[in-house]
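For clarity, chains are labelled A, B, C and D in written order, and residue numbers in each chain start from 1.
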Amino acid sequence: MKLGYIINEGVAGIRRSKMPFMNSVFSVTIALVLVGVGVLFVDNGLKYIGDLQADYDLEIFMQNDASSEEIQELATIISEYPGVIRMDYLSKQDAADLYSAEFGENLLTLLGENPLPSSLRVTFEENYRSSVYIQAFLQSMKQFETIDDVLFQKDLFNRIQVIMQTIYTIAAAAIFLVILVTVFLTANNLRLMILARYEFIEAIRLLGASDFMIKAPFFLEGGILGFLGGTFAVLIIVGLEQALAAFNVINLPVRILDYPEVILGTLLFGISLSALGVLKAVRRMLRFVA
Amino acid sequence: MISFENVHLRYDTGISLRDLNFFIDKDEFVYLFGPTGAGKSSILKMIYMDLFPNDGQVEIFNIGSSKVKRKEIAHIRQRIGMVFQDFKLLMDRDIYSNIALPLELRGLKPNEIRSKVVRKADEFGLRSRLNHFPHELSSGEQQMVSLARAVIDSPDILLVDEPTAHLDQESAAGVTDAIWKVHDSGTCVVFATNKVELPKREPARTISLVSGEIIIDREL
Amino acid sequence: MISFENVHLRYDTGISLRDLNFFIDKDEFVYLFGPTGAGKSSILKMIYMDLFPNDGQVEIFNIGSSKVKRKEIAHIRQRIGMVFQDFKLLMDRDIYSNIALPLELRGLKPNEIRSKVVRKADEFGLRSRLNHFPHELSSGEQQMVSLARAVIDSPDILLVDEPTAHLDQESAAGVTDAIWKVHDSGTCVVFATNKVELPKREPARTISLVSGEIIIDREL
Amino acid sequence: MKLGYIINEGVAGIRRSKMPFMNSVFSVTIALVLVGVGVLFVDNGLKYIGDLQADYDLEIFMQNDASSEEIQELATIISEYPGVIRMDYLSKQDAADLYSAEFGENLLTLLGENPLPSSLRVTFEENYRSSVYIQAFLQSMKQFETIDDVLFQKDLFNRIQVIMQTIYTIAAAAIFLVILVTVFLTANNLRLMILARYEFIEAIRLLGASDFMIKAPFFLEGGILGFLGGTFAVLIIVGLEQALAAFNVINLPVRILDYPEVILGTLLFGISLSALGVLKAVRRMLRFVA
């Protein structure tokens, strides 16, 4: 029976103070959108740079006279080396084609023969991508006579490593800051929303409402608020992604829709943030009026 | 039912109520009489435990102010009807919801609530105003609503603070009659007023206050 | 000074004031008398232009309600002192600042303000309360503060809405005396009340209202 | 004289409602910090990547027998080429040293002679850094016989270009979003702050305060609020920069303290945001109570 009161009052509370309620919903929406966009920004950025780094890991040039069996054998050994995630074989012909494509000159017609060696491009798993580990790999490659030369752009490699770490660090700090800030702002907004109900709380307290009866409708209201905020946030993020795609600005490799658990998490975070925020504000108010 | 024992109340401003001693029984009707600033509202606040004495003990329904728990206060208030001097109506809900509030808090069924509220509104001449909001009523009308809300849940104790301040003679008579009727149905009433006419017209035990002290406690 | 010509006021609730016609001169003292809900506060609101008639014209200081500009309303109100039925004191400033407010708005010098406020506080027995906040005063005391603020800037018109509702007999007599004194010093006073004793004790022109209509307009 | 009232009231307003006021100050602070951190993040990120790109612009390897006069001559020509912002000369010895440093083997002791060519590293100004422009430059270099080979990592170059544009786009969108959002939140907060003064505004309006007398103290209060918010924001940003530096996470190339006009802008933005926000809220409230 009292449940009826709590539900009625929770919903009626929204109707009675639409403006502060919608304010708070938007505040939650904004908080969650900022967090979401931040996470996607970092995810996508790292993926981009990771791809770039992966392409530039390591190139192994074969002796010009290496037989295809020898190459085959080497390829097997390398692909079984721990941490190697991908290996691409570029034949002499592939190399010549690439050259032509890049410089617009046909090497074969120019020189009559193909001076470019065949090669293997090796990509390491992210966890193995340290320059120390790769240097050890190079060392072990020295024993193969079929290898002419190894191209490891250690300098570039390290540089990209640094960029990634920097972006990680700054972005993590920024996102942490944004989360803190928006949670703070939202909590504030909820507090002001509750402050606006001062008279109501004061009055029903004097009429004999128990703390539970005072808090429960607000808790419900907070939950609804958070659910709405979370839903709006997910919609906005999806919308932003679509917009980026539509205007062909960039094709995001990571999208929120691919991660239902992220969507669920966003909603739950919104709901708990709001419900608990409201609860905390009411509790503070009760301490104040008591 | 209500007992004050050596109660002292000191405000930060230096103003204080001193050595209050009285006992009010289940079926009594008591005037709390005194000029403005005498301490009437302060005593009522101590009865519904919105204010606690600095010394001595207030006991309501045998629960003492010194060891009452937060939860118990809510229970005590549910058994007390209160007409506040400044009404304390909820401005953002209509008269119907204002009067229905104590019943809703108790968890009554909607149709039970409706019939009770409508009956009470009829009794207080508020039937046509149920859908209006407090700011659409005159001060006197708001006072009537406040009284209707106070008695809607048949309280064991009814506290009324100057319930006729904004009423004309006729309405005031109606309201005091209504309060007496509530008393006759078995409710303990404490009636704060600064109008000497009231205890004179309808005599009852009168606790007279002057600047925080009880000077007389008997029927006037 | 104050003129109502064929004034009609209709509220959304269906309640209305009808065909109000009267003229109040510079040095008059007029009771606005009627039971609760008769329309007294509504008329006062029209005088200080917080409410505008649906038909007819209200003229204050020869400025008509139909063509008054926003700026003029502020000027008109600066010449009117008002004791609201619900006081409208500022809860977050002390009694001194509350009383001083009209003078501050006029831009008086701080020491001028101080001497005026202190003098008025003495007159109304509020001297010891100047540093207190409204919630630390009883209702009656707040009513006194409200009156002090209304007369602090020697207004041309003083509107008082039930200024004795929360006062005991003695204080009430003091306040009505004070209001009469303000009138004697040349201020036009409109005094809304539902207490028939007042016009009887201190006779003056009385406009009697019943449910939105003037039924009598003469000295009682 | 009325100025006295306005100033008194503006300052007193702050004292009387410390909580909502400080809420608003923090809201403004947060808005400005987010904007500031966003701008610095993008600035620094771009500078990093730009530096990386600059290093990899272009390397010109000289013939092994090029005389130092020939090199000198070429260097002069290149450094006068439009858009060239920097040119570094690496002698044969420099190259050998670099090799030793990188691979830990001394080339000279190993081979008895230095097989590495001397080279010129050319860096273009940002505006000139398009692959079309650089290819034109390469074309014009073909005439010099002293040049053996030119290394222009067109692929990498373009890739970095894409990353930069992507970061630009996303970051610009994100910052725009953040600005919008924080301005909205702040405006909201100011509105709730004014809402909490409803009784005051209502009361002095009835006492005959003109609209100007009502608005002016709030305007002043808003200005103070914005000034405080802006000052805190600048302090926090400087603090963050110091913290990043102190923990050796990264050494920011762009810092707010180097740009007094940014600091001033932040303050002015804060002040006008708040003062106008408050003014707008009061105006709305006046329309409402009138």
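One rule holds for everything that comes next: contacts are C-beta pairs under 8 Å (C-beta built on N, C-alpha and C of every residue); 3 or more make two chains touch, one makes a residue touch a chain.
Given the structure is predicted, the values throughout are model-derived calculations rather than measurements.
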Third chains touching both chain D and chain C: none
Greatest separation from chain A - chain, by CA centre: C
Chain centre separation in whole Å, for chain B relative to chain A (CA means): 61
Averaged-CA centre spacing for the pair chain C and chain B, given as whole angstrom: 29
Approximate Å spacing (C-alpha centroids) for the pair chain A, chain C: 66
Topology of the chain contact graph, where touching chains are joined (line, ring, star, complete, other): ring
Chain pairs in mutual contact under the definition given at the outset: A-B, A-D, B-C, C-D
Complex contacts: residues of chain A adjacent to chain B: 1-2, 4-5, 8-9, 12, 16-17, 199-200, 202-211, 213, 290
Chain C to chain D touching residues, read off their complex: 48, 50, 70-71, 74-80, 82, 84, 88-93, 101-102, 104-105, 107-110, 149
In the complex with chain A, residue positions of chain D that touch it: 20, 23, 26-27, 30, 33-34, 37-38, 41, 44-45, 48-49, 52, 55-56, 102, 154-156, 159, 163, 166-167, 169-171, 173-174, 177-178, 181, 184-185, 188-189, 192, 195-196, 240, 244, 249-250
Complex interface listing, chain C residues touching chain B: 11-13, 34-38, 41, 85-86, 129, 132, 136-141, 143, 162, 165-171, 194-196
